Amino acid sequence: MSNPVEEFNAYRSKMNDKILADNNKIIKRIFNLDTNAFSKGALDVKTKELLGLVASTVLRCDDCVKYHLESSYKEGISKEEVMETLSIATLIGGTIVIPHLRRAYEYWETLEDNQG
Amino acid sequence: MSNPVEEFNAYRSKMNDKILADNNKIIKRIFNLDTNAFSKGALDVKTKELLGLVASTVLRCDDCVKYHLESSYKEGISKEEVMETLSIATLIGGTIVIPHLRRAYEYWETLEDNQG
Amino acid sequence: MSNPVEEFNAYRSKMNDKILADNNKIIKRIFNLDTNAFSKGALDVKTKELLGLVASTVLRCDDCVKYHLESSYKEGISKEEVMETLSIATLIGGTIVIPHLRRAYEYWETLEDNQG
Amino acid sequence: MSNPVEEFNAYRSKMNDKILADNNKIIKRIFNLDTNAFSKGALDVKTKELLGLVASTVLRCDDCVKYHLESSYKEGISKEEVMETLSIATLIGGTIVIPHLRRAYEYWETLEDNQG
Amino acid sequence: MSNPVEEFNAYRSKMNDKILADNNKIIKRIFNLDTNAFSKGALDVKTKELLGLVASTVLRCDDCVKYHLESSYKEGISKEEVMETLSIATLIGGTIVIPHLRRAYEYWETLEDNQG
Amino acid sequence: MSNPVEEFNAYRSKMNDKILADNNKIIKRIFNLDTNAFSKGALDVKTKELLGLVASTVLRCDDCVKYHLESSYKEGISKEEVMETLSIATLIGGTIVIPHLRRAYEYWETLEDNQG
């Protein structure tokens, strides 16, 4: 049976594959950079994931939030650390962030439930 | 039978309860401020609701718009007043506001129909 | 049978008609301007459609993107030209544009399929 | 001697005149709408000015904030009412609004000082 | 004697050089992409410059607007074409774009005057 | 002799004092939250400062960026860590972030020079 995490990932993969097959050089390089930017450097992967999460949240990009929540989950970041990151996003970005906070919280629960 | 207003409110309440139960101090205080900011002060409640509505609309936050539409409806604000507020939002925020205007208009109709 | 393009257009038309019937002068004039701004002037219609598309994409307005994709399609703009426009949007607007790029790509495919 | 309010208004008038003399029909009509939207309708002028102020503030447009602060001042809106409006903007738009709040507060003081 | 165009370009070059000398791989590649994206492809350079201009304007990035105004000027794009592009930006992005329109208009005048 | 860091801090303090003296309860509480959110919790202060920096940068708030650059500097965060954070901001937020990156880089240099 499908669930929200699998559905999101399946759609994301399917469309990314189509877009990359289209061979637009600029888009391909941006997708590539996206992979590189979150690998270990002066900052560790965990910190970078939280940077990606807070930036996605203040910019109110639900799909970007989902992506970084799943990566954060896989990196072993705790729920408390995620919530502190989201609280900073809500303070900096204001109450318009709250609807995205609700959806983020729900998605995190699904990630945890999938594990059960 | 459920309708869009009830569905929105049910999801909103369920997730707010979960988030608040999580005890993140910053988030709890922001939720609290949100309740206080729209109560009577130098400005009356009606004016404050319209301020919340126009700000939510130019920031293109559908859920925030729905919330302030329902509060406005309960405060007895007229459709004409709501439309003037939304027209100012569309002028200031530009034609990218129009898709949100369509959804706002539809939600207002549901609020009126629920009453019937 | 309905498809995503028809559904989008039907909802858009229905709500626009209701909003315009409501006789708010400011909103009516903005809708009117929207029609005028994309007609031939110093710039041709094709260039203007691409301007509308790139602006809608960086502002992450899915419905505006759909609208300009359909107009672009009807103007005979090629998929390659659309992709270059979307690549500029993704570079200027950043990776938060990517979820909208996925939906734009899918919508363009539907436009092509409808034609088949 | 010039002061910040006069300087802002002089630059604004000079550039608006040049832009309008250029005879772009779309721009002329938008400028025109801007005048109409804030005149008395179902909502009074004072409420509309506050709507313009809160929308400009959450969108972090310093020049738009200045414009609506001066109109608000001329309409006899009190400092307390302005501050409540700005507090709603800061809550909805988040702490990134604070730098604009500082400049708004300073501009309001200049408006009051000019009167003295 | 320095003028606004020269000052802007000098600061831009100086800081870009410093940033690139710093050897952050992600930033270097983004700067690189920026050069590539606006070169001739399915779309000609002139159309791409106008795409860059309208996107920068709706995103209210004065420095990006200046950059694309100068490139547009060098490509031989006419004032009327620039104004149509800016009018579409103002319609889509709303009246909060107007302060940026004033500064764009002034910068275009400087570009023309420098030529004199 | 004054320098950009001192000037920024002096203006910021002066206006914050005035705004807080005005006794608007909502604004006072938001200022208060801002202090609390960046103190040690599940995440350490250094990580939180970088979260504040990346969020401020993608939202293109120069004053917020300056504030978090100074706090980061005082926390002993290295230039390389700051640059990685800013590179993630530029990737996620797009090339419209670049003008803010230039000003951030310049401000960091001033922070280092002040120390010399």
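Letters are used for the chains, namely A, B, C, D, E and F, taken in the order the chains are written, and counting of residues starts over at 1 for each.
The rule is simple: a residue touches a chain if its C-beta (ideal position, glycine included) is under 8 Å from a C-beta of that chain, and two chains touch if they have at least 3 such contacts.
Protein identities per chain, from UniProt: A, B, C, D, E, F = Carboxymuconolactone decarboxylase family protein.
These numbers were taken from a predicted model, which means no experiment stands behind them.
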Neighbouring chains common to chain B and chain F, by label: A, C, D, E
Steps needed, at minimum, to go from chain A to chain F via contacts: 1
Shared interface numbering between chain D and chain C [over half = same, under half = different]: same
Which of B-D and B-E has more C-beta contact pairs: B-D
Between chain E and chain D, distance of the C-alpha-averaged centres to the nearest whole Å: 27
Centre distance in Å when chain A and chain D are each reduced to the mean of their C-alpha atoms: 37
Distance from chain E to chain A - Cα centre to Cα centre, in angstrom: 31
Centre distance in Å when chain C and chain E are each reduced to the mean of their C-alpha atoms: 24
Touching two or more other chains - residues of chain A: 25-26, 30, 33-34, 37, 56, 58-59, 64, 83-84, 87-88, 90-93, 95-96
Chain D - residues contacting chain E, complex: 11-12, 15-16, 18-19, 22, 24-27, 30-31, 34, 56, 59, 61-64
Residues on chain D engaged by chain C in the complex (per definition of touch): 25-26, 29-30, 33, 36-37
In the complex with chain A, residue positions of chain C that touch it: 60, 79, 83-84, 86-88, 90-91, 95-96, 98-99, 101-103, 105-106, 109
Footprint of chain E on chain B - complex, ascending: 58, 90-97
Complex contact set, residues of chain B against chain D: 30, 33-34, 37-38, 41-43, 47-48, 50-52, 54-56, 58-59, 64, 78, 80-81, 83-85, 87-89, 91-93
